Amino acid sequence: MTTQIPDLSEQEQLRYISQQAADARVNVEIETEGMTLNLGPQHPATHGTLRIIAKLDGEQVVAAEPVMGYMHRGYEKLAEVRTYPQVTTLVNRIDWVGSFANETPFILAAEKLMEVEAPPRAQYIRTILHEMSRIANVILGIGDMGVQVGAVTPIFFAFRDREYVLNQIEAVTGGRFHPNFDRIGGLKDDLPAGWIQNTKNAMEKVRDFCDQIEELMYGNEIFQARTRGIGIIPKDVGLAYGLSGVNIRGSGVDWDVRRDNMSPGLVYDQVDWKVWTHPDGDSYSRMWVRLQEVREGTKIVDQLLDQIPSGPIMAKVPRIIKVPAGEAYVETENPLGVMGYYVVSKGDLNPYRVKIRSASFNNVSITPWLLKGVYVPDIITILGSLYFILGDIDR
Amino acid sequence: MSDETAVDTVDEADVVAETDEVREATLASLTDEVGDGIVESHIRPNDDIWVRVSRDAWVDTGMALKSMGFGYFSFLSAIDWMPSPFGRDMDSQVDLTLNPPEDEDDDVVMETGVAGGDTRFQVFARVNDIVNNRAITLKADLPDDDLSIATWIPVYSGANWHEREAAEMFGIDFVGHPNLRNLYLPGAFEGNPMRKDFALLSRRIKPWPGIVDVEPMPGEDEEGEDA
Amino acid sequence: MIAALVAQAANPLTSSEFDIPENIAFAIIAGLMLFSAIKMVTTGNVMHAALYLVIVLAGVSALFILLGSDFVGATQIMVYIGAIIVLFLFGIMLTRAQMGDDDSVESERRTMGAIVGLLLMVVMGYALVDGFRNEELVFGEPEQVRYVVTEVALGDLPTPVRDAFDRFDGLPDSTMVELSEAEVEGLPIEVARRVPGAELFGNNKEIADSIFSQYIVAFEAVSVLLLAALIGAVVVARKE
Amino acid sequence: MISILSVEIPYWGQTTFRVLGGLAAVLLPAGALVYIYLFKLMSFVQSRLGPMEAGPAGSLQLLAEVGKAFQKEDIFPRKADKLVFAAAPFVVLMSTFLLILVVPFGPDAWFVNLDTGIFFALAVSSVSVIGILMAGWASASKYSLLGGLRAAGQLIAYELPLVLAVMGVVIQAGTLNMQEIVYAQAEGEIFGISGIGNPFIITQFIGFAIFLIAMQAELTQPPFDMPVAESELVSGYMTEYSGIRFLLFFIGEFATAGVFSMIASVLFLGGWWVPGLDPDSNLFNILGPAVLFGKVMLVTFLIFWFRFTYPRFREDQLQKLAWKVLIPLSLVNIVATGILKVVF
């Protein structure tokens, strides 16, 4: 026990330093009467029903506290009384902008417990759809950031080009928003004819979108002035808060579950792609990494489309699924970050306990620390750059 | 609950042996740090590692893990091992005929999961070492008469909201938490929804239709009409 | 163009025609100003008081414009309404932007204030009356008056007027020129029409002339004073 | 505008004409701007169609919107200061109508030919701040209050570069009279080349750029729209307004855009005059308004182009831009203009 005391003090030192940094951003010199601004629950900036109670000094935030729960649907409880295939319908609605990606980790966790593995073709299609829902989601996040900083046009471009991706997802799954397509042991259906070429065209359009938006938004001086050096998350603070996905890679942490902690059932190791990071840790770096991820995503999809093996899309699983007793945790790299399901089974039709580790919950939990000392307009850009979906926080 | 170690294929065995070493080493160094705080542990080869620690060693374990490189906080939650008193009595009749409840005996047997457990409530958390791609799931039993455990906020700041959620959902007191208010539920909400004995009201009012449409497996078209 | 000018010059607003709307406008503005001024000091709401002050100051500006000195009127708007009142409102909103009446503005010395105000009015009224005691209030007969002289009539002009045009060499053929009363004596109204209300005060040229010649020292002194105040304000605000 | 009629019109008749003319001169360009730019050009930029249902290509959409606003309930927040709340939109709109007074539409077509025209225009343009502050305060809402304060800070800050940008033109033209500024451009010459006149945009290009930027800020349009920043302050000082009063703010916004563009056209683009034509020609009394409208559309195109594509500044960045860039630049411009004026 004695050996860890220097380490311990170092940890505490770090925490202290970061806390001091947050405090120092609040200008305590000029004392004016504070004002409490209530952003939300219905507010244009929160894209959903997040409420932020911000104590202001002038336009500077002294303390900010998010209030959630306006959309809490209790999926963890509901999952306990549903059969395993029925749970996918629920979890589809967690991050409703990239729905398919919500199903994947749960199905993989169930597969792990059942010790079945989907056939290769199903794994490929699953990975493609997972990546496409990532693209569909992140595109919207980029466009939404435009709205947060006051540019009205990017969001329309985002919606336009997201539609191409959604059309392709719909062509396979029959659902634009809630595919509910993943099955334990494989997928519901095979690809329709001509889908591969159409998807490649769609990916081409997404790449065009990336170029357009880079010119329109990222290259804009005002956009850079609004995001550079704003909302800096140091590496260790981000890790301690459990930030994931782009938000941690934007702080220079080279960690991507797709590459590093890949679960069986996805085939990201079969393709050539790059994990982008940015050392700055500010709003701009998060948005920049996000844009690069869309580009990488299109590359991944293109390569996978070329490689899809033939074969069945469903492994042999019983008609009525009973999952053997055990516990399994599977996490995947979802659009908003790392999403994981901790599934406890008692050998029944229903899961005994499903802990949903959603990305946005952790990502947003840093806001009280991060928003301290910033100005009111920066609240919006910081929240926009963290990019959360309310369903992913409240579950 | 430790039958997952059964390995079915032969070629996986060498992989198992290799990764086992990593996880065993992790466990060993953790044991060095925490000592007898570790009650039980379980390693699923090539996959995951579970460590159950005593309640008093909870914070120490967290700090030890953080100093070992597990700097990434993934989640913290709790689990109620007491089987639901309602069981499956509100499932539809179809489900009950298809899958009759296995043990009809009335005395409720509490079985716990991986790495065991002695009491009804267990707090569990997961931290990652993102450099070496290791992750560890920690568990700690809470005595039934004192549902409290020290807060993890000094170790992992991100535990703040997770503990609030666990507190309102399970009624667990996190000692030292600065702001243990309800996160999701209204302030005046009574009860702890995630406890197994908290009835899911909609289920009590209206039985679940159950497995009404089992879709045919791809390839065996329209044969499952008899269900 | 010429025809238009002739038409314009041929239909001047005779004094009787003009005076009616002018007087009505004056009555409305003055009434509004009086009402607002009284409300301003009697209302219990600080914000309302400031807004009533806006009406008073706007009325002053309107009166200036009515008198033909639009430069002073515009300056009044720019300085008082655009800057000072905005500063007032800004300060009120930042500090005590509360709704409804504010009891703390009720002062027990209201009667004292009224007495002082009355005294001030008497003194100022006396000063005004005294200052213009020997002045004959004659409209339209200052030394130099603005006239519109039309191009068509240029040839018929008597020499002094033609000289005046030579004086303003480079101006467009038909424009407003400034001539002395003697120079246009006896000219037909089609040729030279007095611009109503355009007396020689309150116009930018005259103001600039007087500021930068007669009152240059005072002007510079005030500028330095303002600069000093500005620097002082910065120093006070940036307490170290 | 009145004097071209050779019939004798009594004073009250003239006044009525002027009021009607003022309404038309403010509202028609505003409507055109909203339909052509806000509805159609914006939709084109954002790859959508815009309103298509009301009338051919949605051309009657504007009427539909106005009708909708009229039908809506006129809501007052419970804690609002009713009188101030109700009056605020009118004050904002009043500033716009005062602005139009000094804009010349032709050699003889004007409402008031003030000697100090441009000075008067700049003075009355600051009146709208009062209306915005009234709206922000009287709404009894924090969003409105913050929006009002931001608007006031911004409008005051950009008043300066606006005025200073105009100074260059005034020095070059040697007059404050808007009509004479047009004549100065029509009859001027650029470095000895006469005949096509001298639209001041050529010699006063810096002034024109500063004027446009400052105008954008005065209009609180993106990238200077923090007072109404919809993603943070909902709608700023307009948050609590609904129905007809919101419509008044809306009209005020676009009418002011139109009128400011008219002033910019007069100052920098030669107003109602077209290069190569005799400015004294009676033709311009008819053609002038149309020419001016065309120039207004050019200027507003720039404004709206920025509006559609740019993100918004933060409040402190905006102030920095005003005080550290625009004002020094415009002072330099004034000095340079003054020196050149003396030299040439």
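In this document, chain identifiers A, B, C and D correspond to the written order of the chains, with residue numbering beginning at 1 in each.
Throughout what follows, a contact is a pair of C-beta atoms (placed from the backbone, for glycine too) under 8 Å apart; a residue touches a chain by one contact, two chains touch by 3 or more.
Predicted, not measured: the structure shown is a model, and the values here were computed from it.
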Other chains in touch with both chain A and chain D: none
Distance-maximising chain from chain C - centres being C-alpha averages: B
Dominant interface by contact count, named by its two chains: A-B
Whole-Å gap between the CA centroids of chain B and chain C: 82
Distance between chain centroids, defined by C-alpha means - chain B, chain D (Å): 64
Centre distance in Å when chain C and chain D are each reduced to the mean of their C-alpha atoms: 25
Contacts with 2+ other chains: residues of chain A: none
Graph class of chain-chain contacts, one of line, ring, star, complete, other: line
Full enumeration of touching chain pairs: A-B, A-D, C-D
Touching residues on chain A, where the partner in the complex is chain B: 1, 3-4, 7-8, 11-12, 15, 68-69, 72, 74, 76-78, 80-83, 112, 115, 186-190, 236-237, 239-243, 253, 255, 260-261, 312-314, 317, 319-320, 322, 325-329, 331, 338, 340, 342, 344, 346-347, 349-350, 353, 355, 357, 361-362, 365-366, 369, 394
Sites on chain D touched by chain A in the complex: 42, 45-48, 142, 146, 222-223, 225-226, 229-234, 308-317
Partner chain D, residues of chain A touching it in the complex: 35, 37-39, 43-45, 59, 146-153, 156-157, 160, 216-217, 220, 222-223, 225-226, 375-380, 384
Complex contacts: residues of chain D adjacent to chain C: 3-6, 8, 10-12, 15, 79-81, 84, 107-108, 114-116, 119-120, 122-124, 126-127, 129-130, 133-134, 136-138, 140, 145, 148-149, 152-153, 156, 159, 176, 183, 280-282, 285
Interfacial residue positions of chain B with respect to chain A in the complex: 1, 3-4, 8, 33, 35, 47-48, 50, 60, 63-64, 66-67, 71-75, 77, 79-80, 84, 88, 90, 95, 98-99, 102, 111, 113-114, 124, 126, 128, 130, 133, 135, 137, 154-158, 160-162, 169, 182-186, 193-194, 198, 200, 203, 208, 211, 214-215, 217-219, 224, 227
